[in-house]
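Labels A, B, C and D are assigned to the chains in the order they are written; within every chain, residues are numbered from 1.
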Amino acid sequence: MKIAAFLPELLRHLFKKPATVDYPFKKLEVPKDFRGTPFLHPELCIVCRACERDCPAEAIEITQVSEAEKKFRLVIHNDRCVHCAQCLDSCPTTPVKAMDMDHLYEIADFDRHNLKMDWVYIRALPKKEPKPAPAAPQKQPPQPA
Amino acid sequence: MTDLDIIEKTRNRLGDKVAEIAHPAPRRIFITVEPHNLVAVVAGLKKEIGLWYLATISGVDLGDHFELLYHFGHDNGNLTIRTRIPRAQPQVESLSPVIPGSILYERELQDMFGIIINHIPDARPLVLPDGWPAENFPLRKDWTHERTPEIIPGGKK
Amino acid sequence: MAVLKTLLYLLVYPGLLFLFVYSTFCEWVDRKLYARFQNRMGPTHTGRWGLLQPIADFVKLMAKEDVVPEMADKRLFTLLPIFSLAIVLTAGLLLPVWFYSAAAAPMISFPGDIIVLLYLLSLPTLVFFLAGWSSTNYFSTIGGTRVLTMLFGYEVPLFMAVLSPAILANSWRLAEIAQFYQKKPILILPNLLGFVIAVICVQAKLERTPFDIPHAETEIVGGTFTEYSGKKLAFFRLMTDIELVVSSGLVATVFLGGFPGGLWLGLLNFVIKTLFVIFFLSLIRALTSRIRVDQVVSFAWKILAPLAVLQLFIVILFKGWIL
Amino acid sequence: MKFTIPIGPQHPALKEPISLRMTVEGEVIRDADIRLGYNHRGLEKLAEQKNWIQNLYLTERICGICSHSHATCYVQGVEKLMEIEPPKRGLYIRYLVAELERIHSHLLWLGVAGHEAGFDSFFMYTWRDREVVMDLLEMISGNRVHYAINTIGGVRRDLDDGQAKKILDGLEVLKKRSEFYFKLAASEPTFVARLAGVGYLSKESAMELCAVGPTARASNVPRDVRKDDPHAVYDEVPFEVCTADSCDVLGRAVVRIKELFESFKISEFLVKNLPPGEIAVKAPKRAKPNEVLSRYEAPRGENTHYIKSNGTDKPERLKVRAPTLANYPATVEMLKNGFIADIPLIFAAIDPCICCAERTVALIEARTGEEKIVRFSDLRRLARRRDHPLVSKRNTVWPF
């Protein structure tokens, strides 16, 4: 038993830089494998619906828009997303996955509708060279930081 | 004490009360007993092999029967006592005189499956809210829940 | 001129305005020091280096909804914050800064004012008890009883520790005690033990860790202040800050030789010496963990009180043999 | 004078909702009663409606602090059901994350214990150093809290040499700091005075009430699933079961700090002996009808998952037993005849994780009873209506 066992440690830190960061003004870097928000490369998607099936939060929704044009609509509900990245693991396209993830972590919003991202696109043919996107996405997916 | 020792001992000492002993994997023993023998078997096992630690009680809805699994832990693995009770008369004797720590799991079982535990010292609901409607047992297979459509406030809609 | 001077004394320095500004500054110092001891940043963005944070907190609390519990004794419940603020502001006036002279005794400096100051500083404790009791919340009631239980622990050692320099200075007047030590600064040394005891007791009086038992948040939520909100809570918090300034001022007066040098130099002396005391108070706060109320009483009576008696003996013997 | 004080469901000492009703006499607790169910999420029912992969993330969300432990417990059961054997490297990484999580959880507990005892500096320092292991976990898995490193048949992310080196460096730092905290916690007199002799639980009652984890081990019951039931890598790794015989909160703190050092040892062993090869095998979508009992030593004690499959891609039954639930009867026993001041410490000493312990039914089910759901605005309106006659009066009371 020692009186004031913490004293040297406390006094030493009095003149040290604080360990905390002045957050909204200074930011820490996230590691390179950080799981951020999922988004789609529509030109690669073959509409196998594996991501929709495996998504634990039911945040991915794929519907057919037009059967004749093979047009599909994919909605990612980021307000439900739990950022587990299972959609990336489930995505079967090779060599580049149609599902991707960015490094953004400040995605909070006052309105849950703003967190919804959707793409309308034409199904890509599997096992062929990816073609440029025939239909422009309704909303520009955010680029990975 | 290895698995085989335990099986041996159970067979010798409590053979008349035990219906079946299965050993599906190393360190996992499943003993099937009749519900009226349950407390006697647990008391016997506690005396014979020092089985004091009840991990949990799992209930499974099998249609016309409920299966109760009493998972015990011992120094060398795990022992499960399995018993079946009819759905029409879901009653089982409380383990609390032998294992005082079993009350929480038994109360949970009462809440979730509507199994009546006889002679339980404290029969209040454990996890269900106060105004929960009677005769609603959520983990029974015939109890289903319709998810209400999610209404997201705000936005264009 | 005398009227103006008195008014200045009451309202500006060291009265209402100065005590308000300086106490918020002291809270900032305390928070910043506490944060730096813990390797954190502390208040940063309200004003330069977060200097205005305590004032911002005060203004924010003043603007909040003010709820009086239905079962509470409403008159007492409402009066207590103002009453306690008045008490500590009055106590602040007794500190010998700027407008005092040992020769001509004005209203605010008289023989025995050290006793009055100690008495005024004990009153907030009673107010805390009444505040807890009048709000009828269980947590507040427990907090209130803890306040009183603690009072019986630390008050006696504090009195004895503060009286020992008075005995050495042969005076019951703060101004004279301070002057005595200004003339012979070396005589501060025999009171060193008393200084340590007084700092610990002031810590207990201000209900800071390790003596924050009456409002230990993890045990009894807000303790005595559980039911207080809005303006009343703001007043209580301001009162605690002013009490911090006044009690550290008292310790600085009797143990560190007061604040000589007229208006500006005296002010500088006041700031430096009170901050010196506050540094120790913050250090104790960062250094220890909260103890139980029974441990406070046994600590006070088994360790602090005998040490205070020892201090008195040292002073008496010192006075008899050497002076 | 006897009266009942409510600790929770909202209380500063508890970060999660649980209600403890204390019958106190002055400062002494005479009786305690625990009421659960404020946080029930209906996970076991929900799991029956989700497929094996979705359930992986569902079980991970049983707990926020020991997220990996429930997911691992589930996944090792499902692997047995599907009759697949994950590769060695995958297992090593999985249990490396498990041990790092134990380090983070115990450091977190140390800080919480400091905070509950009013020792905020200790709290700040332990949590600052906990960031080291949090950063390591984030680096390995891509997230700080929900690592999601497990997949059925192995792990999802590999470890490269740079990361392995960073882990070893981080462990060195943590080891030094932990030694310092061990010394500090044992020598700061005010802290020790708060911990020693508080919350006594004898060996006999610990066994009777089926206590688990550090709570049982501090009462000298050497029960650790990693030793009793050496699953996966634990039969290859050298480590000791840490016990204490003081049976109080100080003993529980000592057990946790000792376990920290064991975890450093295990993590170091796992990183240094990381075998080469694949990290995962492909898992089938369905599992044959079977049942399995999976056990795992979480930081708080033993996790038990009972999983029954029926041949589809969804489980027939998933029973989750979290360690905190098992420790509640022991907590009631410990609280009796203690002081009010000791409530937070005794309760914190079992390292309660209420969201772990309560998972089986309510939130989604509670929505069916429509009138039960009270929106915040309704609550406000209700409160306003009740208070309304007071409003005018309240203004007159204030003298300004």
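Here is the rule we use: contacts are C-beta pairs under 8 Å (C-beta built on N, C-alpha and C of every residue); 3 or more make two chains touch, one makes a residue touch a chain.
Computed from a predicted structure; not experimentally measured.
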Central chain (distance from its CA mean to the mean of all protein CA atoms)
D
Taking mean CA positions as centres, which chain lies farthest from chain C?
B
Centroid from C-alpha atoms only, then distance chain A to chain C, rounded to Å. What do you get?
54
So the centre of each chain is just the mean of its C-alpha atoms; given that, what is the distance between chain B and chain D in Å?
23
With chain centres taken as the means of their Cα atoms, state the distance from chain C to chain D in Å.
42
On a C-alpha centroid basis, what's the spacing between chain B and chain C, in Å?
61
Going by the touch rule set out above, which residues of chain C reach two or more other chains?
37-40, 286-287
Tell me, which residues of chain B touch at least two other chains?
none
Two or more partner chains touched - positions in chain A:
6, 10, 19
Which pairs of chains touch, using the document's own definition
A-B, A-C, A-D, B-D, C-D
Given the complex with chain A, which residues does chain C contribute to the contact?
33, 35-41, 44, 283, 286-287
Of all residues in chain A, those that touch chain B in their complex
79, 110-114
Please output the residues of chain D touching chain B within their complex, sorted ascending.
36-37, 40, 42, 44-45, 80, 207-212, 223, 225, 228-229, 292-293, 295, 302, 304, 306, 308, 316-317, 319, 321, 325-326, 328-330, 358, 360-362, 364-369, 372
Where on chain B is chain A touching in the complex?
152-157
What residues of chain D sit close enough to touch chain A in their complex?
50-51, 53-58, 60-61, 121-122, 125, 128, 131, 135, 138-139, 141-143, 146, 148, 151, 156-157, 180, 183-184, 187-189, 192
